[in-house]
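A short worksheet on the structure shown next.
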Amino acid sequence: MAKVITGVGCPYCGASCDDIEVTVSDDGTKVLEVKNACAIGNQVFHHASTPGRITSPRLRQPDGTYKEISYEEAIDRAARILVNAKKPLIYGFGSTNCEGMSAAGRVAEKAGAVLDNCASICHGSSFLAIFDNGYPSCTLGEVKNRADVIVYWASNPAHAHPRHMSRYSIFPRGFFTGKGHMGRKIICIDPRVTDTARVADIHLQVQQGHDYELFNAFRTVLHGGDIPDMVAGIPKEKILEAAGIMKKARFGTVFYGMGLCHSDGRNHNVDIAISMTRDLNEFTKWTIMAMRGHYNIAGPGVVWSWQFGFPYCIDMTKRDLVHMNPGETSSVDLAMRDEVDAFVNIGTDAGAHFPIPAVQHLKKHPWITIDPNICMASEISDLHIPVAVVGVETGGVVYRMDNVPIQFKKVVEPAGGILTDEELFDKIYERMCELDQEA
Amino acid sequence: MKTVTLTMKNKPELILECNNVTPDAFAGKSLADIGRLEVYEGKFRAPLADYFEIAGEAGETAADTRIVMKGDCKRVKRIGQKMTAGEIEIEGDADMYIGGWMEGGRIHVKGNVDAFCGMAMKGGELLVDGDAGNYLGAAYRGDWRGMQGGLIRVKGNTGNDTATFINGGTIIVEGNAFIHVSTHGEGGTVVIKGDVEGRVGGQMVKGDVYVFGNIQYMLPGFKYMEDVEKEIDGTKATFAHYIGDLGERHPTSRGQTVYANLYVKA
Amino acid sequence: MGEYLIKNGFVFDPVQGINGDKSDVALKDGKIVETTALSSGATVIDASGMTVMAGGVDIHSHVAGAKVDVGRLLRPEDKLFKSPKKTGKVSRVEMGYSVPTTFKTGYDYTRMGYSFVMEAAMPPLEAPHTHEEMRDTPIIDMAAMPVYGNNWFMLEYLKNGEIENNAAYSAWLMTATKGFAIKVVNPGGTEAWGWGLNCTTIHDPVPYFDITPAEIIKGLIETNEYLRLPHSIHLHPNNLGNPGNYETTLETLRLAEGYSPKSDFGREQVLHNTHLQFHSYGGDSWGNFESKAKEVMDYVNQQKNLTIDLGCVTLDETTTMTADGPFEHHLNGLNHLKWANTDVELETAAGVVPYVYGKNVKVCDIQWAIGLEIALFAKDMMRTFLTTDHPNAGPFFRYPRIIKWLMSKQSRDELLHSFKWADRVIAATNLESIDREMTFNEIAQMTRAGPAKALGIAHMYGSLKPGMNGNVAVYNINPEHMPADPDEIEKAFLRAAYVFKDGVMVSRDGEILATPPKLALWVNAKVPENAQVRRDIYEKFRKYYSVNLENYPVRDELAPNQRVIELDITA
């Protein structure tokens, strides 16, 4: 008898939907059917049951091929690399649970490493803005229950967060929003005519790279000032119209995405969005939220803040103090400047995401990839250690894009007895302690 | 004034962090003691003498101590961090945080420096003959107390985020700046003698910015007032005077709203 | 686990009426025992010339959970050049100043001789986060209070006068969140903040829900007594931080008149008013801002069914954080620093703003004086507890400094007269005219026996009676030879000479020696089966929450060492 597991969390995007129903085989090893998830989420569950999963650590041979080795040997090698490096970098955590992040934090502290997560190349600029200017936000249920104006700025949930609009923002009927979509005004600000822009009531097609000027114009209008006839490619009347709708909202939310974080000025684009949100609170209630990418990419920011005081770019090389300054202690900057001499890629794919010169620098030194899958990073690593797929083969706490913790479930047993991230890092830690004793 | 000369003899494999290279740390110490000061290469602590040839003599006080850095210091960070007096001369390039949190004295870099130099500076003088990187004279992450006092002069260009959260002091960039000058500023003076691409004075509350060249993209929150004559750093000229950022809060003083001033040379 | 005999110290245990007598305290199997129960192998600790107390109990401190972590994340500058270097072998790195990491929190409380800390506000939806952080806070036992005062279930039940239903829901929520007590923050006002509004008096109706803060408070007292919970309701009243708010406070406290405690855990109060300092303000503007500590304490002193904690301002740069969302927005408008806010669906909100209590800012100095006056006007120190509402009025590691100010008129007068606007501060406060100096026994009441009793955990904490948890602090200060320099008092209480937790020596002279397992306490109240409430929970989750009901209750893995306090009101 196949069994159905309900209330399953989806390990795909930052919407972290936890209403998935998964049917698994009688022996609890295979995912048979997935309901409620979007197409991509659905695929993540099935992927875990794909034949050909790597179930054993692999060590690069002098001839360039991989040889299967035991976990014990892999753990010993990883521990030695971390102990011996002058400045190891442990980066990733796009796809793991908080338990794994916490265990990795302990390893990084022991190793005197730099600990960083994918926010570094993603919403890290949001952190910089939060450091400088705060973050007036809310949980997603607040949006569902109260919001009558939604702004999607530089984000395209129709593709990146497929169920975001239906679960939380545009379409759901909440307590004070019984009319659902009919009761809401949607403003989309994006240089492209995205599928999100197509469902919006107003689309402001901002000139690419000039969001900061447009925010500045909104703020100037909100403060009662005059603006030029055209700002960032948007006519003054359109700005006044949108600002008027925003001021008259009962409850509004700005959801912003990579368009702000990945264009010039990065954190400042987010920073001024935060300022605008604060300005709007002089008139009515407004909140802002980063459209975080992965299902638990908010996790490392949460966990490491309580452990180390910083969400990312955590330089522990001084051992008795922690230093953080993105631009210096951020992974890509460290790699580009050739400042590290060992690299652990965990739950992400730096091989695919980092600039080529950064990868070239990192490749001069030992490179370990910890990931359930074969990816570009695993294929250029010196050591690949497979782990269980979080959300499918192991549960744990994840933080949704609004920093709400969701307790994820395991639906099937880990393939071939592979370890979880937490187990692996705990074993590496133990091995490092042993090496300490031996020394 | 007495001089200690540090000459790079063993270049670090990665980078070197030398927050102990200040007149304050050197003053009153023998060369041997100076050589024992700790520096970091990654997680490895080592004595300064492992990397540098150390010669000369330190003064009794910081004010009486001058440090000359020779050889390739392009990958040496934090020289002159928190220094309160004395002098440092770096004959070539240096890395990040040169003169960070500096309170007094003088640093002269004859080459280029990287990012975060003069961070949250309180006093003293930082002179860079070449280019500076991003975040010149900016605040540390999250701090609303950026540069408080002192003078930074860069003869070349800077990157972005010059003078973020500046509260006081003066920054003069003789070349160009990229974007974000005096963002969130609440005081101080920034002079850019070349061009700026844009975002000058965004979210600025108070303070002055002078641009001698072009601003390619002017922020909509700045409003033209009138043309004024000004003498700035030895140059007398007519400037178009703007006030802003009109999208930001502004304090009042004696019943008048205080704005940030942006002067663009006509 | 070793045996210890702490010999010849000056022992202060208000519960046993031991007031500075030279005596011995024995530890065995994690508990306090009679000295006769020790074997000959017990390690002897020479405490002669030192002060011995039970481990400290903090009734209200923001140390773990979502908004605390926002405070950490928001403030890198709170770490820069302000964190101590890691020392010792077992310690994790200790980062942060006003909002320390979980590790630093556990170590610093331990160094001060504390063994139990109550996390002051746990948003139920984010309870797993609070528990994750409590798990990562070493050594000290903890519990957390779920925030109720703006919860939609509660607003609807109380609007209809359904105490039984509200109690059934509250019991469910307490269990689901592994929570300890009913925390109420700006009742009604935080729900109003959902629309950018507030309730600044106890008679302002809550938008849409059409109930007043006064009705909420009375309804929650009734709910709490119906459930016979160990602790009373724990209230942060409306109108916090505003000039003239003492009238709101007095009106709020009067709501408790006529209620008496119903609990088997020994408490005598039905309402705990937290951080009273923030609620004892006179004047009608910051210009004529003044202390109303006396007026408020005159009332509190008469009412045996009230307890309070101080919320002392310590004149530090700190980080304010509260479920009082509208207050943080208001504060941001005053100081223009960064502002974080999180409204939590159906339940509560939270805001975080850094704040600099300047030593030469008149208002800050008056706030400082008010905090001390509340203690010094108090008649019953078993009902008056030392807090800073950490980190709101100051970081918790300033408790020893507050003890110094309370024990030494000289020290507080010196500071008072050093203020730039000393004359105006003196004119707006009573502090200069107060000669009272607290005794060690009174300090022990305010930091151990009193809070343990009010929380309903006096059977485990707050005393050195045999059978109590083996939590002991030995301070290097001699009550018979008080130091001439009051700063020595602060020093002694900041770094206890010896600290024992559950019978293990965990700290010596500030060095952390061991990190034994710590407990998470929570209350499991069994109530009569209530089908309506069950249906209401199911429906609200189906329609309005953004998370699945199945995933809402905190799983046991997040609280690996639980001490469940079982209650059965069906019996």
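Just so it is clear, A, B and C label the chains in written order, and each chain counts residues from 1 on its own.
Following the convention adopted for this analysis, contacts are C-beta pairs under 8 Å (C-beta built on N, C-alpha and C of every residue); 3 or more make two chains touch, one makes a residue touch a chain.
Every value quoted in this text rests on a predicted model; they were computed, and no experiment measured them.
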item	value
Farthest chain relative to chain B (centres taken as mean CA coordinates)	C
Which two chains share the largest set of C-beta contact pairs	A-C
Interchain centroid distance [CA atoms averaged], chain B/chain C, Å	44
Interchain centroid distance [CA atoms averaged], chain A/chain B, Å	34
Distance between the centres, which are taken as Cα means, of chain C and chain A, whole angstrom	34
For chain B, residues contacting two or more additional chains	140-142, 144
In chain A, residues with contacts to at least two other chains	131-133, 316, 319, 324
Of all residues in chain C, the ones touching two or more other chains	74-78, 338
Residues of chain B that touch chain C when the two form their complex	101, 140-145, 249
Chain C to chain B touching residues, read off their complex	74-78, 80-81, 336-338
Chain B residues within the chain A interface of the complex	13-15, 40-44, 96, 115-116, 134-135, 140-142, 144, 160, 165, 179-180, 183-184, 198-199, 202-203, 217, 219-221, 223, 245-248
Parts of chain C lying in touch with chain A, wherever the complex brings them together	64, 66, 68-70, 72-79, 83, 85-87, 92-93, 95-96, 99-103, 125-126, 128-129, 132-133, 136, 152, 193-196, 208, 329, 332, 338-346, 349, 352-353, 543-551, 554-555, 558
Chain A residues touching chain C - in the complex, by the definition given at the top	6-7, 9, 18-19, 98, 102, 106, 109, 127, 130-142, 144-146, 167-168, 173-176, 250-251, 278, 281, 284-285, 287, 301-303, 305-311, 316, 319-322, 324, 397, 399, 402-409
